[in-house]
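As written, the chain order gives the labels A, B, C and D, with residue 1 at the start of each chain.
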Amino acid sequence: MTPLQTQLPTWTAVAPTLLLGLTALVLLLVDSIDPDSTRPGALAGIATLGSLATLAVAGWFLLAGTGQTGSGGAIELYGGSLVVDGLSLFFTVVVASVVAMVSLASYDYLRDRTYQAEFYSLVLLAATGMSLMGSSGSLATVFISLELASLPSYALVAFLKDNRGSVEAGLKYFLVGAVSSAVLTFGISLVYAATGSLLLADVASAVGSAGDLVGIAGVGIVMIAGGFAFKTASVPFHFWAPEAYEGAPAPISAFLSSASKAAGFAVAFRVFAVGFPLDAVVPMGIDWSLLFAILAVVTMTLGNFAAATQENVKRMLAYSSVGHAGYALIGLAALSGGGPNGNVMGASMAHLLVYGFMNTGAFLFIAMVEHWEVGRTFEDYNGLATRAPAACLAMTVFMFSLAGLPPFGGFLSKYALFYEAIQGGFWWLAAVGAINSALSLFYYSRVVKAMWIEDPTGEFDLGATPVGLYAAVMVAAVGTLLLLPAFGPVVETAQSAATALFA
Amino acid sequence: MVGAFDYAPAIVLLPFLSFLVALAGGKYLPKGGAFGGIAATAGSLVLSAWVFLTVSAGNAYNETLYTWVAGAGEETTRLTFGLLLDPLAAMMLLIVSLVALLVHVFSLGYMNDEGETGLPRYYAGLGLFTASMLGFVVADNLLMAFMFFELVGLCSYLLIGFWFRDSGPPSAAKKAFLVTRFGDYFFLVGVVAVFATFGTAKFAGEGAFPVIAEEALAGSAAEVTTFGFAPETWFTILGLLILGGVIGKSAQFPLHTWLPDAMEGPTPVSALIHAATMVAAGVYLVARMYGFYALSPTALGIIALVGGFTALFAATMGVVKREIKQVLAYSTISQYGYMMLGLGAGGYVAASFHLLTHAFFKALLFLGAGAVIIAMHHDEDMWNMGGLKERMPVTYYTFLSGSLALAGIVPFAGFWSKDEVLYEALVHGLGGSPLLLAGYAMGLVAVFFTGFYTFRMVFLTFHGEPRTEVARDPHGVRWNVKGPLVVLGILAATIGFVNMVPVQDLTGIHLEFLHDWLAHGELSALTAEHYGELLHDYAHYTSADVASYVAGAVSLALALAGAGLAHVLYNVPEPTEHTAKLGAVKDLWYNNYYQDEYQIWIATSVVLPLSRLADKFDQGVVDGVVNGVSSVSLFAGSRIRRIQTGVVSNYAALLTLGLTALLVVFGVLGGWFV
Amino acid sequence: MNQWIAIGALGVMGVGIPIAMMVVSALLRPSVSEQGKTVVYESGEVPTGTAHVQFNIQYYMVALLFLVFDVETVLIFPWTLIYRSALEQGATLGQVLAPMLVFIGVLVVGLGWAWRNGAVEWIKSPRASRRKTERQS
Amino acid sequence: MVPVQWYLLLATAVFCIGLFGILTRKNALLFLMSVELMLNAANINLVAFSAYWGNITGQTFSLFTMALAAAEVAVGIGIILVLYRNFDDVDVTLAKGMRW
């Protein structure tokens, strides 16, 4: 039987991305029709439905094999500028899941605030950009989609206009982001200078014969890596991350640290695997996998060490997010010409999916705590479990999963990642990762300890239960748990998608 | 056809089931769940007997039942559970399940009839203890053995500390746990090292680690990782690491200090610990992997010396003790010293034999002591007893049987086995291993002391005039105490007949059944025959020609001398303490050579200052590493986060610096601008 | 001789002469520090207030809208370049026109939103601002 | 015809000037201008090598860069506005409430 989606016109392959963009426009339209009334339910509903529809379509495509090796390989649009394959669909699924949870949770978070429609449409526009990042087949689309994801994010971080923290976070995010995008653009221009093309496939075939321009290509590649490091919050472009995640509204922190990071990795995976094949560039002296290995080690060490001494839970999570970027970087670092590259990268993709659930859940729990106005430090969390046991149980799941303890999704994904790194011969990366994981258990368990073991320092006045936030946190918790049994198919899909890149 | 081996897992599972039953429903069951335990151990005993018969028909079983960690690929290490049933294991199964059964029955009298509380906890502990030991016995690889070894340790902790509301038992339990755990650290390192070296930890079969080790020494192409050592050296190191666990568990010098304290536990538990489970585990482990130890003469020598020394050392301390159970405790240490001596001296069969006989007579002695303690209303001081012979004849005669066996008086069980251990040490010692002669000498002297303290105990307890009111009118004991005593009394008297080497030598009648039993088998790498070859080829043990009955006569004479001395001194109506005549030695012995004191002294005077010294650099010796790492991490973290100054211009600067550094490093490395 | 040397000379002169003049005047002029010199010169009038004057936010709104929509026309430019040749090579009108229409359509949605939200209303009616404050409170 | 390397040097110089501005300016608007300078350095490269390679990819891309730079400035000015409103200044170093 011919699968249905093969009978559709090829442009429909980008339907998930289009759906995200359309939802954003619909939200703007709804707000334009009657800008003076707020309908939090309707707006949150549209955003959630739109992202769920995206998730459904992307998931269907992914399961049906659209653009994957089984059914004719990647679908190219606009002369290869857009590519739809397993990798892009996989990351669209990640982004759409996160957006759905964030939209659901924002219903309560935004209840008494203005500019709700703008909030949701900015989120969805950013999500469109992130989804597009995974499909970018040309450095031009890479840049445009990256900016499409970044610009709304800057505005979203500074969304709380009267909150100095939010504004400061937005400013820092924006300024570092502006510098980083300039660096990325300059890097792209240098690669173009060396190869004469922006299409990844053409770049790949031309970069090997750059001749005298090897230096230009090398500088360009390192600068492009820098641009992606910004998006993934990796050293040395991570400086915005702790502040942005701490100052931003918590749902936005969830969105940025999960979806935006995943999208950054999506584009990095594709650009480096397709555009700068190791076989061609390493003999020239451009060993980008070594570059990422250094970044991975530094990033995970810095993130975890800095997280260990934080007092503010949200900031701790922010640093832990930097640490997780380091783990995911292994997917770009533990590569070698002819090695089991697809498996490593696939494990990293699977980790990012699991991370999307557990980290979003953790930040949404913070959003709930902010909603309750409990406080921000570990001490403020003391004894919270006596008042909100279900939510605290979910948070415990997230913490232990982030730390990589069995029996949660984070355990298997981290295990798979380290295992594949060892299989690829990069045992030292896995060792550094394992040491850092052990350290991370320290600060994650501090949260659990505060919630369950410590006595409350004061009375909690939690007020009414925020339904949307609660539901989103529970969805994330269930997702984190379900990804343990479902991890097998997930990692297989990811690995076959990644292997297709190296083919 | 379904044979005994298919039911073998049930041997372990039945007591475990009784543990679960007692734990879950003990409160609602009559006798606190005792009958469940009795039924389960009886079932295990029946199955063990069946396995025993099947094994004696020349079969063996060595199967992996469950793989719980399997690395991908063909050549990776697998962590498995499996069963290994060979003659040694079958024999041990029989011992353990029989003793456990009798202990359960005895507990009815010792615990239930005395109205103890917390019985479900007690029977649950016994069930788990039995199950762990049985699991340890049938383990087919070192890791599984280690896990059950630890479980055994845990159960002993729970049971020794059964009366946790008193002050003594919990601290004794803690001491037992910590001291054995100290040894187990070495064991654990050894297990990991074995995995790292051989990639497997199986005891027997194709690709078992003793086999690989043998091949490696023989120079055939077996792949082992020896971390830069010569294979001989490395195998010795491995053996000694594992020996660390053995010394802790089998209470050998210098880790024996926990065992006398463990007397704080209920007496049936002491019987179980000393006769069949915990302490036996150590010796059994050495016997189990004897094919590995036989490759290393150094390890064997150390085992023999430690064993001989412990035998003598503990026997001397037993001479002055006042409490009946203390005497027995030191006798246990001493007797396990003999077993180690036997193993070290190349007497695999002799040591196994002694393990067998000791299990029965020591269980007997403990249960007998338990009966006495019931009678004396839980007074354990022998100086408060006396004259119990007339008032509790069953206990007396069975106890006497056990004592004769312990002292090594012909023809009781202990004579045959102890004699054979000493004989092996003598012949191999004379055959060119002078180290073993030292062991032999110590063992021989210990025989004298053994005879003395055993009969001192017997005379003080049962003979003479009652010295207290309680001893004049002791509490009666019921069938559930007498039954096990009788069974064990008969066994203690007769079990030695399975292996009467001196008699065989004298008369020429074939009487060494245990030799035959252990010498052959389907798993040829696990037989005494094969061990003999290994000892000869690798440890270079040769036997001198000494008639076994001569050696036997010497040790018998010494034992009789000891017993006679005890008779002269203590078998009088009103015995007095002669220990004062020993002078300073008495204090020395009474205080166990100041073992605890010197270990505490070491802890306080040597380790503590050292720790304090180390503390200046770090936080302590063991914990300090952990704390140190974490505080260094936290310190590093508090420094690292200072990079995040909060000023965005600094971020831009650092970002630029980072990028520039990367560009420069990779530009230079890659030679981009050359 | 390189033909670009004249340009180079021009560059050198262009940079060098102002620098030289500044250096010379710095060396020659007497330096008398006086407070009056630092005051802003506003055609002889004494300045009042600070230079940081609060402008109406609408200035920025319009400026931003102009900036965005004006520069977006840059993106139409390459499209016009290939428009005719694409038609000549056989692409249908729909294929060529549709992307640009979609692009413009997206911009129109954004413009419509901005308009409806009062970004281009220069002076807010009292009613509108009252409504806005109600909404915010 | 100017050798293409000179354009590279020019672009690098402009890029470095922009970078220098970023590192030394505290004023957010000047910071933004410096970023624009860096983006335009990329544009110089793109246009120059578009001519060098004989395709118009680079030129087209430079148009995109400009458009996105404008959008970036639009968002940036918005953020700088709220910065001014909250901190009464456009000095980027004043916003350091969150650190470590």
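Basically, contacts are C-beta pairs under 8 Å (C-beta built on N, C-alpha and C of every residue); 3 or more make two chains touch, one makes a residue touch a chain.
Predicted model, so just to flag it, every value in this text is computed and none were measured.
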Chain whose averaged C-alpha position falls nearest the assembly-wide average: A
Most contacted chain pair (by C-beta pair count): A-D
Separation of mean Cα positions, subunit C and subunit B [Å, integer]: 87
Distance between the centres, which are taken as Cα means, of subunit D and subunit A, whole angstrom: 26
Whole-Å separation of chain centres (CA-atom averages), subunit A against subunit C: 34
Centre-of-Cα separation between subunit D and subunit C, whole angstrom: 14
Junction residues of subunit B - those touching two or more other chains: 641, 644, 646, 648, 652
Per-residue multi-chain contacts in subunit A, two or more chains: 171-172, 175, 179, 183, 242-243
Set of subunit D residues in contact with two or more other chains: 22, 60, 64, 71, 78, 92, 95-99
All touching chain pairs, where touch follows the definition stated at the start: A-B, A-C, A-D, B-D, C-D
Subunit B-touching residues of subunit D, taken from the complex the two chains share: 19, 22-23, 26, 92-93, 95-100
Contact set on subunit B toward subunit A in their complex: 630, 633-634, 636-638, 640-641, 643-644, 646, 648, 651-652, 654-655, 657-659, 662-663, 666-667, 669-673
Complex contact set, residues of subunit A against subunit B: 171-172, 175-176, 179-180, 183, 214-215, 218-219, 222-223, 226, 235-237, 239-240, 242-243, 284-287, 290-291, 294, 302, 304-310, 319, 439, 442
Subunit C-touching residues of subunit A, taken from the complex the two chains share: 25, 28-29, 31-33, 35-36, 38, 114
List of subunit B residues in touch with subunit D within their complex: 641-642, 644-649, 652-653, 656
